[in-house]
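Two complexes are shown next, each including chain A; its partner changes from chain B in the first to chain C in the second.
Entry: the complex of A and B
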């Protein structure tokens, strides 16, 4: 970036939340670097499912390769840990620690955590219920798994692992939950409830999840190709950020599609997000839909194609490459924008639109300004 | 006090190690779960419930304070199972 040009953050209103770090545990592998390299290469991630996953409606899956919970997190406290919590913990380590396990991000008593999910660990809950129904007595269940069955366990465990005492929240919003979490963090920082946030979203793959999605698919549709993972960001106010800003969160908007017209809902939501950000759709550097394999997902793509320039829509490879990562998807979309931007100096000062749409009608859109910093 | 059956003791030791998160090889029969091994009351409930499931028995929750180490846990289990 030229030194003669004003740094993009100089033009941000005070208090604008900025992303100053990110990490990803994804079907590309454990760590931000694997994710960034995979996205930039547009690499596919689908593999034949391991037999250990049990009977599945589809043989292809997009799982995090080599994700061994005890190997990554140690044996203590992990024997009965659910995969969702483990994905969030490993992602949080990637965000806050260096390769040797030393803390590289300062946190304080007002550092918060907000994590977007769909329904928590379905595998944990269904296994537990199955024990209760099928064992000799209804209370012959693995009590050690109870804590992992609560919806907010992954966010809580993340805070406990790193000693984060600020607001701790779980937002269960399916595919839009990554953007709901971003909005939540933005709002609480604006109100002075938190000085810094770990914000992101996560989804686990399991046989229970696969059968659930298979059952929920529209009649005649093939079983969806499912992915999993966790994307996490460090969010700070621009004026007090301790690290260079990678992107500023200019706006986050949400709405509900009550007319059964997802294209119109996405268009309206994206337009409002752009208006609030003061960004002209024609100036977008990137526009990234969640690419859900549903009618709503197709409508979302049509809405963005009509709104954004063609080069913006093709700037970031499709999220289809990662499979349907559900709750994790919006965080992966933002991570993908950052990954592509960090090797493209022309992205500095430009803007990106990220949208998401869930089958229950929830719609969300965020507008980011890329700051031209390398991580 | 019940005579200890080695196979049952060995299995109970495994269940305890798994539920209070200690290495089976380092778990002695007299080490105190809470004071020496860092367990908490929640983990002891996990142990109790795992033993109930393993042996299809019901252990009175009031017995929990007696389950301080492997030896005592064996005795509580044996009493509940009628060994």
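Entry: the complex of A and C
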């Protein structure tokens, strides 16, 4: 590290949540390294969809390459597993295990899990209903797939896989869900309900999801380019963190756009997040919008462009490269900030703003301080 | 572990209820006291081929009575229940839109299935046309669960809120209330609208039928002849407020939120877990600073399935010993209203504290020896109720337990 200043941890209030590890399963591949390399290269991820996905509204997709559930997770209990759960489990392995499958993160009975989603596995629920409508009797449905249809299954399965008995929660908020999850974990750790948290968000690509998004798109808009994946973080209070902090979560703020004015809502939310963090927008090292392919996404970009320095806005390549990853997006944005920061010593001690807007009106913003750790 | 500052006290100042046994606090109270059943023939979807057609649907719901600012088509049935209950709750709390406005707040709605009824309608459209292009955009735009919370903010004109939908299935109502409690305890907000909402849907009905967990008869929690659940619906929204805020505006206080506990079984995706439930109860009692002997009754998760009631009873005995508090199952009346269940249970507890009675477990004939509990069979009892525990559990091994008390000490 080139900076001669004191370690940034020294300036954090006790209890400040810090990110001490992360993992990503993304259209760049399985694992943090693939994600980091892809982000830093600004690589595109769109590919022609595999015919096995069936009829799709758009031929291009941004899916996790080579994501074979049974190959990655073994055959036991995975034959009927939904993709969303598998994405979360593979990401959790990346966070808690080393390359040989050994646990490298200590957990206890107060280790929590909070996962952000949109509407779970739409493939699972629509397949289930399709069976109900088309099979001989309406309840002749595949019982083995039922557990995977619970909206909280991915978070619960993560706990089962790793024996995590602390607070286990699923929050739904589409593109803002990763930041809702972060705020949830921050609050519960502050109240002493958890000693550390696995926090993140996930979205799966499926034909069902693609058709829902296609029909929901504004009239005249092309079918959105969709992505998928899961980003997960290890969050601990700064004063008890067992590993070096990569970033501190200085603030998470939220808002609802009640006037169909996303630019104003993002501006208000981002300003409040900066105020709460005690950070001047002019000093931001990075500002990363969710880059949703919608009018709200454009408004979000305009809001940040008016607020943050140009070099901050261009610091991290656009999330458009990953497609619209919906619930996964905010976690990918944070991961992208960490990926760019880890090869830029000048990021140490600097701050990043991450924002998100969702179709249902939710808006969120988080401010992170980069701690200069090279992991 | 981080040390929380001196805790702020949190009270309940408003209740909003949409339920199969009554809309609004007054009717809901009358239903709980009388031991009313919400079971009736299903009207929401075609039940042909199921061999049964009973659920606890909300009769005669009039969304236009409560929803004034957002077009009704912007939300599905679950969203309409959530918004109606939220409107009712803020009115019960004596809060006007002018009081709300830019005020920072948490809005958190729990759900199991969200707008899964709309998802089924979309699939019907696709199947009828043989083409997914036939799906109605009005429906596909509103199916995501996050909307259950944001639409409340839009209806009540509250932009400065955190709208978090908790989809921790059948424990989601208690999770939401707990989150509101934590948000107020931290001092970041003074107000939270929390609860749960779900709507009867084919998905839940087919799922529980397939699992053999749908009773062909009535819901008989803790009875030796219990045969399962009836699916249900509705919404319960509670106004949580810091005590200072409630006192400053002279609000009527229904009850105090004393604490809650969350535990994860980390064991099985669908089976209830005795140790996990017991741990959740202990965490809740500790958080509330309440001694076991001070709990006047337990509002159980009490679904009426063989597995739940036996496991939950064992967990209660593990914590409380051989003479546990009276333990009732409001699901005997309401069916299993999924994400709304523990929110409606919490409101039932609040009403019990305020009105001085314990609601009954109806349809009860003979208590299962595996459930050694006084379930207050069939008739409500008058009682001086001061502290109440509200249980909930969900698939995926999630348990959330809430402790409420009378306000005054």
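One rule holds in what follows: the second predicted complex is superposed on the first by the 372 of 375 C-alpha atoms of A that agree within 3 Å, B and C clash if a C-alpha of one lies under 4 Å from a C-alpha of the other, contacts with A are read in each partner's own complex, and residues count from 1 in each chain.
Basically, contacts are C-beta pairs under 8 Å (C-beta built on N, C-alpha and C of every residue); 3 or more make two chains touch, one makes a residue touch a chain.
Keep in mind the model is a prediction, meaning the values are calculated, not measured.
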> Regarding the shared-chain residue A:361, is it in contact with chain B (first), chain C (second), both, or neither?
Replying inline: second
>> Between chain B and chain C, which one contacts more residues of chain A in the superposed model?
In response: C
>> In the overlaid three-chain picture, which partner chain does A:144 touch, first (chain B) or second (chain C), both, or neither?
In response: first
> Which holds for A:329: it touches chain B only (first), chain C only (second), both, or neither?
Replying inline: neither
> Now for A:201: first (chain B), second (chain C), both, or neither, which partner does it touch?
Replying inline: neither
> Regarding the shared-chain residue A:75, is it in contact with chain B (first), chain C (second), both, or neither?
Replying inline: first
>> Looking at A:157 after the superposition, I want to know if it touches chain B, chain C, both of them or none. Which is it: first, second, both, neither?
In response: second
> Residue overlap on chain A between the chain B contact set and the chain C contact set?
Replying inline: 137, 139-141, 143, 147
>> Which stretch or stretches of chain B touch chain A in the complex?
In response: 18-19, 21, 23, 42-43, 45-46, 48-50, 52-53, 56, 58
> Contact residues on chain A for chain C in the complex?
Replying inline: 14-15, 55, 57, 109, 113, 117-120, 122, 125-126, 128-130, 132-134, 137-141, 143, 146-147, 149-153, 155-157, 159-160, 162-174, 176-177, 180, 183-184, 187-193, 195, 211-217, 237, 239-240, 254-259, 265, 268, 358-362
>> Touching residues of chain C toward chain A in the complex: what are they?
In response: 1-4, 47-50, 107, 111-114, 116, 119-120, 122-124, 126-127, 132-133, 135-137, 140-141, 143-147, 149-151, 153-154, 157-169, 175, 179, 182-183, 185-186, 188, 202-203, 206-207, 209-211, 262-270, 276, 279, 394-398
>> List the residues on chain A that touch chain B in their complex, please.
In response: 75-77, 79, 135-137, 139-144, 147
